[in-house]
């Protein structure tokens, strides 16, 4: 089944978004709103756990937040003044449901619900050790490893057990944990994935992005810092820094594509960074043309930046259907080839006879770029110049982003010139790695001490990749496929 | 239940889109694609009828085309090389299903399926006459009146019966009829609603807009002309003009909001007309400001036109969620007030401290404008100047557009200055009626012989309104509420 | 897909049950209860229409009464003190929903809802005439013919129009019609299908069987008589006899299988008639054996009668699963042959080594008898003697009973001896036609003036069969297949 | 919501049925058939786990086997030649799904799926110990305790770990465990719940009752013996007896009500035992009457026994609707009182004026008996004598049977004479405890060494009840309520 999402199929995808609130009436309803604002970070499943002072309640479901967590009966089953939620983008299929977060455990210290954005790079190795000692896993999620490490830690308090567990794991984690004593938000020492702290009335909020604060009318206080563990409870806020300090390496792709343009990430407006990348692209790779056309919607800010910098007019040369939220399955083989225009259509009257600069945020497999260049040519474009608002994506991500295997990354297989031929453009250019750092306000990338994780562009992974290097592929699989039906 | 569609709640809504194809393999699948491209013209229900040479097959469903007509089992039950479909926006509730089109009847001459865009202004009067003579209606749709007029006509051939029926009705109708002999496309003498003719391979297509031709890879041939009746069949195309010629009056609002920007309507690019309206607005109502911000998505083309004309920068000051296709029901009273930001969010970092020109296509009740001006102010806008790319909407439409009663039209109750105060803008201006005609390439509105129906702005209705004037309100109601469950 | 209903697949099936009430609070809820008690008369679809003094409300659904009409939301949408309902057993497939009754029409005299048990034998011929005159049918049901005859009648009052329509039709009909003026119950002149009149408090009830009176606590008043038309309204009860009197011919199969054993049909207890048939069978066809075993559940009363008459012990040699209401689809080809025991299982410990008399009510195709005799042999039965509590079924029914074509009726193809061989029984006997009439309290069948319709046994049809004889098969088909989805 | 199951609401309910097969093609399909035959042992949820040689697959669902496990897509997702299944009757509500069995764990030795019939009486105490040592429970089921005991056992082989675990638990358990090495069937030392061994072709089967062998065409080999652990694998069958031998105490209520009449339990036909109880009842408590009437369906065998012993005629005085598998929710308050007749109706023509002996299998709360005696009186019965085919139920069961708290057991609150008055019978009698043992072929109950568990009648519990006696009520609750939606 071909979906009609041709221009979004070919993106890297953030795997998760998290949102937790402590101290608010209707906490679960607030979480539902927050998760809806983070829906772009994970669209396959969602879950919320709440604590009502006596019981923990969890509802987890495949599908979007809307349609599941906007139902009064569902929210009504999630009472309490504290709640944590999760949206997930991940592997499909029948095993998915038990992996939907928040994960929950009854520990000897009480209930413990966890929502995790990121990915541990030694989870499988730790899991084998835990199973040998008698732990029983209920999911195939790396996140569950953290819970078992907490459950079997020999420290006495829950916080000490939790820090003990975190010291055993490597990789990327922004975690929000709901306990009977308070809510914990923390980021790994490198701060690979984002996590912000907000406040509305007396309530504290942890969220992946500031847009989720906006939607509930909350104030953005600050980022949870890399390596920081923040505990909010009825007694207020405490901050711990249990790890040895290291230079942070937040993910630079959040600025390129993952985060919403109206979010503030690492203290900067994502919209303004994207416009700056577009402007940098116009400086690095100018072209004589009639129109600047964005690939909607993610290419729009960079296209505005490119147009303003170059003086070329910004025009909607591709019209996106209003009905983008739904997948339209191609009804029958005979019409399969027609699908590409269901969601986007060339604005033929505008394009015909023109030289256009097409702006997109990234190229992953290249399948989309091929189609869209062809769409412009079919609409009569005289020349099509493709400009990409990120460097070539050449390496897989192991920190919570869904990337294809390297062999499928176009930029891992071809030079830029070959890619230009492949997508049938008149010219193709990517912003440089230094140009990307310039758009972030730096002078360029400091190769000795880069300020971000840019491994997908450079291959410079900031942590060990233990599971990749030490665990045999056959040991990475669970032997259990489960399906439950309510 | 409040939906989270604050910026689209307050629009006039086209009630229908139609699409028919004769002579193609997988005709129903083609219709499904065409209807998906016309989804913006009617989102509450859809239906397709096909003819396989022996039997007519119909599937009608509440909801979108996607989710209903992209299922192989559904398309598989609609075999044949000819099919007609309909999308509908209309009254909700349990009586809706029997009104979903295409309507079908077995006449003595054979099967007859009808899809109708428009509204008859004397349907109720005709219905009472028909019931008195023994006709039994199965819907409350005005369209069914046409079918009973055909069934009871004393003419001999189906085409003569059909023309006989059309001569009895008044109002707006673009019809596509599927019969065993061929497919009929026709427009009322004034051509109030659009209908275009296209071709793909050997097959003929009728569609409400050219975007539906694009999606199936068809060529736009020409408009079906006002008062024209086009019959396509395996023998080719015939054209009839059974009505006395009158000057056409196509709906001007198709250019303002209803049609997609990538459609060609009345021979002109809708995108270019909208940009021209925006430019005209900049000429008529300039303002000193820092940014031009569109209300997404319908305000974007006019905003680009305004920005290009005024020299002010075009910027995305309001970010639309990717998840616009879904309604998010507010989970609980306590968070109801938060809903407005679920779908749109201010780009605060951009707006803060700026003087902005907000561009929207129309104001109906004003509820949305109120919220969006406030959203801009909350984000720190120093001044908010609202510019509307249509004249004030002061009158109801009786030709197939869902308009609120006049008392709810803000412009029917207030002056522009009052409206500006009401929505709390620093200034408010609408494009003039003459300006609107200028953007269509004319010198202004010719009051003696306007080239469009503009009754919603001017009150100049081009037909009688028989049901409004002659049928008592209590006789406009059906006594029958029905619900069927498969 | 094989269902696990092996012992009921092979039955003639009543096609409909009707229930109407006038003058009760919560009329629709009463109808739902009544229809549930009549569920055995039609299990594929159900519908209820109510009249609330201003509007008619109809809900129709595929499936059982339970699951559809026991939902408060459904009953809540059927307000009023008068309602009529229908259960239907009929052709499956996608065209079914529009045929689900009650059918409704808005006539010039007001609303008219009809529920019909029976089948007209000249409906197709009348339909062709009506379509030629301009009537548009919305279903393929013979019942709709009656409505169009009423709508187009030239008489003045609704009752006169209705009688005019009935005089045009031939065949079997027990009708309950809901109008704004009152409720009409009537039976065709021969009274082929049953209809009883009951009373609870001030309300009047029409129902197919007395069990439906029992379930709502109503009193059985009398049968609506053959050829009688009873009108109940707030003014009381009126009786009309518009037809020329003829000798009644009620269906004798109601006593054999269709009606519930706890109903009173034609003034007699069905249970007692079935026991009397069993006793008659023991007199006509005795056998030396150890046990009398009923085929559950329909063979039980006759088996008790046989056991009491013969002095042999009555024993449960076949155990029926408690979960009879559900169809179990065979999961996979490899286990298909196992299905027969899902619903019924031999009581092996009882059967082993015994000579048994198996009692069933009828044999249609013989497929079930074959399996059940084999089941008894597999359980160790020494001898299996089959005794059938009805005469051989040799002819199709055209009066509202679902019969296979004659070629599939075992008794139309074989002698009793051949049938005995075919089902592998040690002996087989049917009750005689005279014996059947004896169990009804007569001396035997009066060949010149039979007191019942027994055409399925004798081929003596009491009416013309116009559609069978005068309408070509290709004209019996509708050209329209429709599916609607709420 | 009141269901219309008045004559079954008031029963003790078996909580589970189990079925496992090793070595058959389409193993999961065989399990589905077996579970369908055991559906009476648990109707709220079902699950199947299969092992395909590489992976374990599990599907668990609320609801019946039919509707869930008869779907080809579901069975298709359960590949392999070994599978185990479970039907469950248990607490309702949203936490139920995670408790649906089989439970599964990935142990260091490989996969381990468990289906459990019975109830542990020290599960809660063991659970608290396990959580303190770091085990994380995913359900609130007592069965999961066994899995964690296995996972954390210090023995080396899986079988030794399993025996180690069983030695720690007390109570009733018939377990079927699926592992990669083979399938284990075992019963607790007292053999409280049943488990039989069967064979079909080369495959081995464990099942709760022999009817489940019948349905798949398998041969009944023998019972798994109390305290026996049988392992079947591709290498054949091994038997272990790891426990100190004690005198068995199988549940006597399996003969009274739980097991199907066509099952062989403890080597005896259940049908014949029930008839013998009825005969014993006729000897102990004769009465002068006209008819013996069973309360359908469970009272039928005892009624036949009573009738044959007493010489009174057996008659169907109560007719059960064919539609027993479905719950009919009362549509509206106004008709609530009518509900009792939806499922059962008096055969009034038979009952009127008669003295009847009503036979039922047990009285729990007495609510049903009250209604049914009244139904007989309303139908005109002259005298109603109630005879119960079990002794008075005076004590709760802690071994896997759902019993109301003692305060709701009628026989725990009243003498037989008071009960007779309460249900408004002319007389009431129960079979004696000794009479029950006589029907089982013994001379009576041996008070020093009873051969069955009869605690519900006598209060003589054969094990400790640790959780009842040592765990505080507040510690018996989980703090976690979860709901997952696919």
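Here the chain labels run A, B, C and D in written order, and each chain numbers its own residues starting at 1.
Everything that follows uses one rule, which is that contacts are C-beta pairs under 8 Å (C-beta built on N, C-alpha and C of every residue); 3 or more make two chains touch, one makes a residue touch a chain.
It should be emphasised that the depicted structure is a prediction, and the values quoted were computed from it without experimental measurement.
Taken together, chain B and chain C share no touching chain. Of all chains, the one whose Cα centroid sits at the greatest distance from that of chain D is B. Remark: chain C and chain D have CA centroids separated by 37 Å (rounded to whole angstrom). We define each chain's centre as the mean of its Cα atoms; on that basis chain B and chain D are separated by 62 Å.
Centres computed as Cα averages put chain A at a distance of 50 Å from chain D. Residues of chain A found to touch two or more other chains are absent. Pairs of chains that satisfy the touch definition comprise A-B, A-D, B-C, C-D. Per the touch definition, chain B reaches chain A in the complex via residues 25-26, 28-30, 32-33, 36-37, 39-40, 64-67, 69-72, 74-75, 211, 214-217, 260-262, 264, 269, 271-272, 297, 300-301, 304, 308, 313-316, 319-332, 334-335, 338-339, 341-342, 345-350. Across the complex, chain C is touched by residues 54-62, 68, 77, 94, 97-98, 100, 104-108, 110-111, 131-132, 134-138, 147-148, 151-152, 478-486 of chain B.
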